[in-house]
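Going by the order they are written in, the chains are A, B, C and D; count residues from 1 in each one.
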Amino acid sequence: MSTAERMLQAHPTGSSGPDLAECISACYECAQACTSCADACLGEQNVGELIRCIRLNQDCFDICVSTGNVLSRRTEPNAELIHTQLQACVVACRACAAECEGHAHHMEHCRICAEACRRCEAACTQLADTTAR
Amino acid sequence: MSTAERMLQAHPTGSSGPDLAECISACYECAQACTSCADACLGEQNVGELIRCIRLNQDCFDICVSTGNVLSRRTEPNAELIHTQLQACVVACRACAAECEGHAHHMEHCRICAEACRRCEAACTQLADTTAR
Amino acid sequence: MSTAERMLQAHPTGSSGPDLAECISACYECAQACTSCADACLGEQNVGELIRCIRLNQDCFDICVSTGNVLSRRTEPNAELIHTQLQACVVACRACAAECEGHAHHMEHCRICAEACRRCEAACTQLADTTAR
Amino acid sequence: MSTAERMLQAHPTGSSGPDLAECISACYECAQACTSCADACLGEQNVGELIRCIRLNQDCFDICVSTGNVLSRRTEPNAELIHTQLQACVVACRACAAECEGHAHHMEHCRICAEACRRCEAACTQLADTTAR
């Protein structure tokens, strides 16, 4: 069981289900992968061809950490805020994944980062579907 | 002229208009006000009545910094990502402002924070309207 | 193998050793635990006794994410910056752990958070020892 | 009077002096300038010569936002944590300023960013000197 899941179970508001823990973990994992991929791209010889990738990695990092934080907070939640933030995260992850996938065949860091983005996109999409707008 | 505006003018992609600079400044100003308001609420005797305010301050901080960063980046922008992020920021600022306004008559920090949230909400709303979806 | 470790191995600068991957993972895990613990404390009946804990959780979150990001970047590293940041992270994790440990016997979220802080403190201490000042 | 200064005056712990407000504002201004400079560098034709600058901009952003947050919080402060964080911020700002100054003569965004870094370095140095270790 992940630390995120243990923390959710220990929260005074009570249990919350595995989907939320999975989504929180996916957000922070994607965030770390994006910081790492942006930096790996910066270190590549052909950095000039990776500008869009670096930029989307940075946006995706920012939005994934925010989403992970918003979801980690269970006290006095605001359903509309959570729903809109999940949508922003889905869009950011999808854009970053699509860009990374275009480089995945010759850059392993883009391949791994695209995986993390797709996992986060799927988790946020699923959670948004079960969240009242 | 603010540092944000000077940085935009110095960007290799060229000039961008005062609305963008205003929105970026409003995002970071709101973020700082939210960190400060959450902490001021924590220091109040009646902290038990300010839980929702602290929580929304924290969410609003996260989303405002992300939005300020996304907007500060002008290289290879993704219109859909920017638009969705602006919408998330509008929702977060509106929710935080509404909560702070409920405490504004007896807590000056909530009054100032509500002002910063409304300024950011307005700037993001205006920018979202002029951004292709 | 964690995503952080896979990303490090895929970085163009080459391999980096398991200590770095462990430290990066510990930083983000601690950051998430701190966001979660601050919010769990906010939801407790005796929130008035947990003000210092919430405040240190917030500081520790900020510093752990920054440290995780700085360490994730391997292109053109600045040894002095990394060393000083690791020291700041050690101090933040130690302070937050000590506070959480004081509540650990009757609040599970503080117990788990203290564990994450101590793991991060240890990983940063070890890495700082092997990093030239 | 800046929003940061007004928020400090409205804090329940009472007045705090202009140095703190100046340092908080300098931290967030430097953070924004760093995000903007990293992106402007990414958009330059000679991006390959700006890798170190982009990397330091990113580190400096992370550390400046963390420092701005830590300083904005006045409830239950931890003097050692604040002092160590200020030192980390001084080191990050100095490194980023030195790099940006090397490009300042032909890139206006680096010139403005270096100014913001030096202002933040000076404010953090001064505040660290007046803070008990």
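Please note the rule applied: a residue touches a chain if its C-beta (ideal position, glycine included) is under 8 Å from a C-beta of that chain, and two chains touch if they have at least 3 such contacts.
No experiment lies behind these values; they were computed from the predicted model shown.
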item: Chain whose mean Cα position lies farthest from subunit B; value: C
item: Pair in A-D, C-D or B-C that repeats A-B, with over half of contact pairs matching by residue number; value: C-D
item: Whole-Å gap between the CA centroids of subunit A and subunit D; value: 27
item: Gap in Å, rounded to a whole number, between the CA centres of subunit C and subunit A; value: 19
item: Of all residues in subunit D, the ones touching two or more other chains; value: 39, 42-43, 51, 55, 58, 65, 69, 73, 75
item: For the subunit C and subunit B complex, residues of the former touching the latter; value: 38-39, 42-43, 47-48, 51, 54-55, 58
item: Parts of subunit B lying in touch with subunit A, wherever the complex brings them together; value: 51-52, 55-56, 58-59, 62-63, 65-66, 69-70, 73, 75-78, 80-81, 84-85, 87-88, 91-92, 95
item: Residue ranges of subunit A touching subunit C (in the complex, touch as defined); value: 3-4, 6-13, 24, 28-29, 31-33, 35-37, 39-40, 42-45, 65, 68-69, 72-76, 107-109, 111-113, 116
